[in-house]
Structure formats: structure tokens, C-alpha cells
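Paired with chain B in one complex and with chain C in the other, chain A is shared by the two complexes that follow.
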Partner chain A sequence: MRASRSTRVALLVYGIVVIFLLYLPLISVGFASISKARYLSFPIRTYATKWYGEALASSTVIELFNTSLKIAVIVTAVSMIVGFFGALAFARYQWRYRPLFQKLILLPIFFPQTVLGLALLIWFNTIGIVPTWKTAVVAHLVWIAPIATLVIAIRAYGFDPALEEAARDLGASTFAILREVTLPLLMPGIISAGLFAFLLSWGNFPLSLFTTGADSTLPEWLYAKMVSGYSPLVPTLGILSVLGSFVIIAVAFTLRWMVKGRQAE
Partner chain B sequence: MAAPIILRLKGVKKKFGDFTALHGIDLEIEEGEFFTIVGPSGSGKSTIIRLLVGMDDLTEGEISLRGNRIDQVPANLRPTCMVFQSLALFPHRSVGENIEFPLKIRGVAPAQRKERAIELLDLLRLPREFYGKRIQQCSGGEKQRVALARALAFDPEILFFDEPLSALDYRLRKTLEKELKDLHERTGKTFVYITHSLEEAMVMSDRIAIMRAGRFEQIATADEIYARPVSRFVAEFMGEVNLFDVHGTPNGGLVGKGIELHVNGVARDYGLDLGPEARFTMMVRPESLRFLPAGETADIILQGVLTAQYALGSRIQYNVETASGVQITVEKLREDAFGGGIGDAVVLGFDIDSTHLIGGE
Partner chain C sequence: MMERLDRRQGLLAALPITALLAVSFLAPLLLVALFSIMPQKVFSVLNMPDFSSFGVIVSQGYYRSLFWSLSMAFAATVILLVVCWPLAYGMAKVFGRFSLVLTIAVVMTLFVSENIRLFGWVLTLMKGGLIEGYMRSYLGAGPDGMLYNVPIIVFGLVYVYFPFMLFPLAQGISMVPDDARQAATDLGATRWQVFREIDLPLAAPGILVGSLLSFVLAAGAMAESKLLGGQVVIVLADDVETAFTFGQNWPLGSALAMVLIILVGTVAVVGLSRVDLDTIMGRKR
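Now for the complex of A and B:
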């Protein structure tokens, strides 16, 4: 069925609005990052790439990337493992407390992140842990592991339980079933969950703000520089951060493609 | 020529909470037999097969394979295997990898695995190129064959089937029924098959068990079940059938209730006591009834009006209503079709030898 004329016009208008509202700001940040001026102003008069050079040479910047990356990588790895087993409990196996588990797991996601961050900070203080980037890992996990679990659970729901029964019937032990059937079938979901986990951790501000202590992540630094003492490095680092995300997305898609490709052989 | 018993069930009972799915079942299956359990949904046939392969635990009773109890053995250690209703082929593995799965689990070397997989492709008349094919690229019938090959690669003592043909279209089902029977003969293995279709069971099976509400109603050959069902339930299970309530007469004859059905002066030993108080159901299959032209007679004659007729392919089905309002179904081969039309008065006849009496109501 072809769309009518009015539908096509409506779609066009919708598309233009989306592009203006969502993508124009991103593009303008891109332009700002290559402005020669010290302060953000439009129109941009002269362009330069010197801020990129400065950013890459700055030890602060490298330190920031380092901290954000450490947190994101650990959060991703743990989320994938916890999410895998969590998803099996969530979607695959019947057990007594499953309905309760399914509801509890959603709780951290519904909680406003700033409140969650503050609550965790108070908690860390109470039990006498000094907040560093390591406590931020824990904080991120409280929020991100449930999301990873849900992402994998969606995949697990589409899984025919007869496949595991068939594997057992054909002689496979519980471990062999996990290795030969369950894990490979959920792998695309696990990779997606890993991608989500990384991006959510990499860009997270509210949880990091409360729980990194003396350490600082990239989003925290960007925020700090915007509220007090603007640095021309802000748009530059913003763009670098986005590029970092793109690399991760590319890696994840390549992995997914490889998994699918291997399955397709 | 009784073959040795390979599988024996003794008093097998299964409860789900308060619901009893199986009421203490006894069964003996012979080595090399094609045995089919038939029943409507909820009759307990799937429960039996899940107990047999070890996916559920029985509540009471014993299951033994060649005299060794297996009911407490975990599913992955039982020497039996099953073709699933959904087939349960691994979508992330190729056809070859699916077939090799049980061998891989056993640690067979890749070269030997492949050799066996190719043999099985040949056995199931699948082209060897299928070895590297994706499961998703296979048709319904090809998937069936791959699932069978995978089960045979396991080399089971008994091969179980849980309605594997139910999702296929009619033609393919008919073809695969014959292939399965043929495969059974070629492999000589014991097949235990579950289905809701008695027609399917009859094509393939050496013996058939009819299940109803967690019990076996009748266990017999296809011919026996068709010609001499032990209950109305079994009689009605296989398509159309005419059932008349009858009771005995003092002189040892039979009289129908609510229908002009007199059986007098014709002797037939039903092996039942036809005393005056005895009540029975008389069964006549629709193909045993004849339209009687004037001047011809039969042991039992019924008069009525033709109310409907349906083309069933090679046969035609007729509905006749008697004066007392009893509906009778008749089926004739196309070449023996009744010449008249709807609304015609007809005379139907059948012989006492083509009837079967079911005891009780």
C-alpha cells in the first residue's frame, strides 16, 4: 500500500523536525570543537584543529579517558556475565521467587539516577568505603546490570526450551548444554547488552558525580567545565567521547556479525 | 514369534499437584516394534513420553529397559532419544553439526563424526550437500529428516516420537508416514510414537494403544482397533461410525432402541451374552452400509431419507435420516456412488457379519 500524499508530507515534516531537534545540536558541537575562538560563540569566524591537538597532549584528558574507560570496561564485562545468568533466571527457568525477582530487578532502573547516586554515596560512607572510580563501578552496575539482564532476557524469551531438552536427551550434561546451546544462542543478546552497558557507563553523569570521589570521569569533567570556567576543550572532548562510542558500536556490530556469520556457516 | 520385551512399564503413575495425569499404567513393548500411543490432547500421552525420556519424574511405578530400571536415570544418561514435536533443531548449527551433536557430546573425532553424518544423510535420502546447509534454509520435510538423522546418530535403544508430523501439511505428512515406516523396517529399531491421529497411527504401527484420561483404553493392532473397538470412545476415535444402542431379546436376538433395528433369525456369535437384560452398542462402519435397490435384501434393513452428501475425494459420504430421526452415515467409493439425490427415500442394508458389539451402554 502506497502512502497517501498527506501522509508523505506529514512524514517529511516529522523528519525535518527530528533532524533539527536531535542532530543540529550535535553538529553545532562538532563545529564548536573546531572553532579557533576561546569562547563558544556563533557564527564561528575562524576554524582550527588546535584544540584536538591540545586535548590529545593533555595529561588531564588522558587521565579522564582512562578513568571512564576503566569503569566502562569493567561494568561491561560484569554486566554481560551477571546479565546472562540473570536473564536465564528472569526468562528461562521456573522458580519460586521468579515473579519477585522480575519486579525487583526493575527497581534500580525506575529510581532517579541522582537519588540512586546519593543513596549509594551515603551507603558507601556508612560502611566506611572511600569513594573512588571503583565505587563508581559498583554504582554503575546497580543501574546497568539490570538493563543488561533485560536486554538478554528479551533474547532468552524467544528461545525454545525444547532445544535444551533435546540437547539433554542427546546426552549433553548441564555444562555441555550451556556451552553448546544456551550460550551460543544468547550470544547476540549478550553482545547487545555489552554494547548498552558500555555506552550507558561511558556517558553516565549522575551516578559518577556522587560516587567517583576524587577521581573524575569524562562526563563529570565536561559538566564541571561548563558550570565553572569554560574550556574550549569541552566541545572537543564531547566529540572525542562520541567517537569513542562509535568505535565501541563498530566493535559490537562486528562481533555480532561474526557470531551470526559463524552460525550461518 | 514373540520378540523379547525391550520396555516395560509397571504401575506408572504421575501426579501434577492434585491432578492425576497417569493412573498406574502397565505396558510392554517388544524389541523392534513400531508402537504408537494415540489419544486426544490431555489424555496423558505426552506425559508418558516425557517420563520415558526422563524429562519428568514419575510419582509411582517402574520403567525398565531390557530389565534394567531406568526411571531414576537422568535424561542425558538414558540410552533412548526422542524426535520432538518442534523438532528442536539447533538453529545456530548447520545440518551436519546438528546430526553430529550427539557424537560431539560423546567425544567422537571430527572425521568419524562427519563420516557418520554423511551415512545418515544417505539413509534419509538427503543430498550430501546438505551437510553444510543452514537449518533455516531447509523445508519442513527436510527438517524432519535432519531431526531423524540426529536422533539416529545417537544410536538409541528406543526412538521416541512426540507428534513430529503434526505441523506439516497433509500431503507431506502422508509421505513422511510411509518413510518412517520404511525407516523402521530398514533400521530394525524400536519406535515408540505419540500422536492424536489414529489414522496416522494405523498407517505405521505394529500395535496401537488408545489413551483416555490417563489410562489405556485398548492396546491392539490397527485392524483389531478398527474392526473390534472395546468401547464407544475407541470406536468414535477413528472417523465416522454408526453406533446403535441395542439390547438383547428373550430368544437371543437383538433389538435396537429408538430405531427399527431387528436382528432375527441371523446367527452371529459375538462372544457376548445376549440375554434380555443385556445392553450393547452396535457398531457399523459407514462403508459397510449399502443402498439397496428394489428386490435386494440384507440381514438388517433401514429405511430413511437422504439428507446430505459430501465428496471426500475417493469416497462420497451420505447422511440418511430414518423415520424415527436417527442419523446414519454411509460412505461409498466413487464408482459405487448412489445415483439418487437429496430428499430421496432410500433403503439401507448391512449384514450382521459387518457389525461389532460393544459391551455396556
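Now for the complex of A and C:
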């Protein structure tokens, strides 16, 4: 049943309006970041890029970027590995506790992150670990590793177990099957999971808030300044953080495009 | 023989993430549960248990923040269902290529820290912000007082949790076979009847997952009320934070957290038990 022309047009217009509304706040932040005035007020009278210069020269800012980056890179690597095996247990192997395991994976995703952060804070305190950026890695993993698992599981649902069985019939060992058949087949899912993991960790705020101790990530610093003591660097750093995400996405898509091109040859 | 192998491999493959979640998710939750039955203001679980924290929740009126959290989350979920349905329908059945554009555009927003996006709304809506500022300079006057009220907090929740409703809903609607809709129409069903008798029941798993995600996440949210609402109402997550930090009262904070966890957890577990995960995630038959 094809939708009528007017329905199609109406839905299309609606979709475009929604996209516009989703990005409107970022447009405001963008304008604010190139306003020259120290105290922001629209309409903007004079534009300047001086806040970007100031931000990039500041050692605090570089430290914030470093902390966020360190956390995101480790979270990505661990999520990809743990998520690969987790996805096989989630979607591929038929084992007795699979339904229970599936619920365990979903639970942290269906969980208020602020509460999770605070629970981890008193947990680390009780077992005598001083919170630093390393504890934030653990906090991020609780939420991000299950998401990575789900992303890879979607891919794992789609592949044919007969491929693994064929390899086994031809005499391949369990480890060889994993390396030569399962891993390459799931690779696109693992890469998307890695991308998700990096970006979600990079932008995460509620989990970092209580678990970084004396260290601070970029979103945490931004929040602190938003709630008390506005700084003209807030919009600038906000945009820089967004740009960081988009660069990673662009790189990922370019790599994928290059790999595809090579395979086609 | 294949099945026995599957069983062993399943257990082995589940091990790393299960260990991770046991140590850094289940154990902390157990600790919170223990702290919630400790006497006021202690920092160790080796005290005589009592239920004083739950008494404090009632006597000090902490149920008000619970009420606000739950009712705003509920309102946001209902609005999200209405707002997302046409778009999800479009993505699943109408758009074709534009679906991909829309998906990428929506997913990209997820990767921008939610406080940056909410701050963007503050800049857009505040006095002297994008809307009021430009309207004042072109038309002489602009709308004032768009921020710092309850509806704008609900708007913030709708905005932030939009993807969590849209994608499950689109997935659910794509599971409705076109033949069934066609058959119903051929038999003389009106549009409304097709929607009520075919779309709604067949897309139910997607509706359920989307609503659960939005409700649960919105009920525990804090940034929306702090940034957009300017503390016009205090939400539960806020009270939990205050009790743990400024209040230095871990048992009270834990008890408040437990109330939220139990309420939200019950909703999530009951809801999820009605969904066949394997089907909604696209298992091949």
C-alpha cells in the first residue's frame, strides 16, 4: 500500500522540521561561540574568533581534552572486545542462561545514569579506591559495554550458523573458527560498536560527574560553568567538543568508504 | 554434539561482560541497597540496620520530588509517542533514502553531550537569546519567560530522549506487514481502523521498548530540570545527589535511590518480559 503524495510530502516536511529543531540549539551555541562580547546577548553585534584562540592556548582546556580522550580510547577498546564475546552469548549460542544474560545486558541501559554514578562513587569509597579518570573508565564501561554488545548482537543475529559448522566439518579448531569465520563476519558490527563507544564516552556527563574525582572531563567542566559562573569559553568548548565527535565520524566513514572501494576492485 | 558445544561456548563468551557487570554494576547496587537500611549519616554498612531513611523520606516530604520526576517522565513519554509516531511511520514505510538521512541526523545528536544541547536551548530561549533577541531587534518585542517552568523541563526531556523513542518505534512499525494493512483496507477498513486494529497491536513491541526506555531514562534525569528549569522543581535524582554530596547522608541518598530503582526497575522488568528480544533485534528465522 503506497502512501498518497500529500501524505509523503507532509511527512517529509515534518521530518525536515524535526531535524531543524534537533540542531537549533547547536546553531545557537555556534553563534554564541563567535560572539566577541564577554556577556552574550543576541542579536550578536560583532563577531570574533578570539575565544577559540584563547581556548586552544589554555592548558586547562588541553588537559580536559586529554582526560576525555584517554577515557574514550580505553572504553572503546574494552567495549569492542567484551562486546564481541558478549554478542555471541547474546545472539548466537543457544545456552541455558541466555534469557537471563540478555536481561543482565539490558539492565544497565535501562538505568538512571546519575544514580549509577553515585552508586559507583560510594562503592569505590567503600572498597578503598580513590576516584580518578581511571574509575570513570569503569563507570563508562558499565553503560557503554552493554550498548556495544547490542550493536554487535544485531549483526550476529543476521549471520548464518551454517558457515561456522562448515568450517568445523572441514576440521577447523574452535579458535580458528572464531578468528577466521566469526570475527571477520562480525567486523562491521564491531567497528560500529567501537564508534558508538567512543562517541558516547566522549560526550558522557552523568557518569563522569561523580566518578572522576579530582580529574575533570570536557562535558563535566562545561556543566560546572553552566550551572555557576558562566564563562565565554563555554560555547567555544561546546563547539570544539562537537567538532571532535564529528571529525571522528567523518574519519570512520572515510575509512569505511576506502575499504569498500578496495573490496570492489 | 553441536548443542553441547553451544552451551559451553555461550557460558565462556558471556563471562567477560558478566564479570565486568558483577563487579561494577551489581555489587554497587547491592551496596546501595545495604546503605538504604543503615541509620542516618553513617559511612559504613557495619551498623545496626534500621529503616530510618525511609521514615525521613516520608516525614521530610521527599515524595514530592518523586512525584515530579515520575509525572514529568510520564508526560514526556506520552508526548514522545505522539510526536515520534508519524516520523517512525515515515521511516519504516514511506521515506526510502530519506530514512537514512534522518537516522544519521538523529544519531549524530546522541553523540553531542546532552548538557551542551540543553545549554543551546537556554541560549535559544533565554531573554536576550536567539529567539527573543532577534525578535526584539526586528519586531520591537519578543516572547519573555520561556525558561524556568515545568513545561520547558518536559520539553527538554522530550528533546533529549527523542531518539530513544523514535528508533524502537520505527523498528516496531517496520514489523507490521504491508499485506495486513492492504488486506484491511481492501476489506473496507478506514484509516483509523487500520491504525487501531493493525498498526498498534503489531507494532506493540516497538511501542513498549520505546516507551520503557524514554520513561525510565526521563525519570532519572537531572540536567533538564537544572539547566532549563532553573530548579523551579526539584527532581528525585537531584535529591539523591544532594543527600550524597552536600548532605553527607549516604543512607538517605541510598534510600531515595532505592525507591527510584525499585519503581523504575519494576516497570522495566515487567515491560521487557512481554517482549521477544530475539524478534525485535532482527533474528533470521
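Heads up, the rule we're going with is that the second predicted complex is superposed on the first by the 239 of 265 C-alpha atoms of A that agree within 3 Å, B and C clash if a C-alpha of one lies under 4 Å from a C-alpha of the other, contacts with A are read in each partner's own complex, and residues count from 1 in each chain.
Rule of thumb we're sticking to: contacts are C-beta pairs under 8 Å (C-beta built on N, C-alpha and C of every residue); 3 or more make two chains touch, one makes a residue touch a chain.
Quick caveat: nothing in here was measured; it's all calculated off a predicted structure.
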Looking at A:Glu165, would you say it contacts chain B, chain C, both, or neither? Reply first, second, both or neither. both
So, does A:Val18 touch the first partner chain B, the second partner chain C, both, or neither? second
Touching partner for A:Val115 - first (chain B), second (chain C), both, neither: second
State whether A:Ala136 touches chain B only (first), chain C only (second), both chains, or neither. neither
With the two complexes superposed on chain A, say which partner A:Pro184 touches: chain B (first), chain C (second), both, or neither. first
For A:Gly86, using the defined touch cut-off, is the partner it touches chain B, chain C, both, or neither? Pick first, second, both or neither. second
First (chain B), second (chain C), both or neither: which does A:Phe101 touch? second
Residue contacts with chain A in the superposition, chain B compared against chain C: C
Could you list which residues of chain A make contact with chain B in one structure and with chain C in the other? 160, 165
Write out the stretch or stretches of chain B touching chain A in their complex. 53-55, 74-77, 81-82, 84-86, 88, 90-94, 101-102, 104-106, 132, 134, 150-151, 154
Under the definition above, what is the set of chain A residues touching chain B in their complex? 160, 162-163, 165-173, 176, 180-181, 184-185, 263-265
Which of the residues in chain C end up touching chain A in this complex? 2-3, 5-18, 20-21, 24-25, 27-29, 31-32, 35, 43-45, 86-87, 89-90, 93-95, 98, 102, 105-106, 108-124, 128-130, 132-134, 137, 159, 162, 178, 181-182, 185, 212-213, 216-217, 219-223, 226-227, 237, 240-241, 244, 250, 253-254, 257, 260-261, 264, 268-269, 272, 277-278, 281-284
For the chain A and chain C complex, residues of the former touching the latter: 1, 3, 7-8, 11-12, 14-15, 18-19, 21-29, 31-32, 40-43, 81-83, 85-86, 88-91, 93-98, 101-116, 118-123, 125-126, 138-139, 141-142, 145-146, 149-150, 153-154, 157-158, 160, 165, 174, 199-200, 202-206, 210, 218-219, 222-223, 226-227, 234-235, 238, 241-242, 245-246, 249
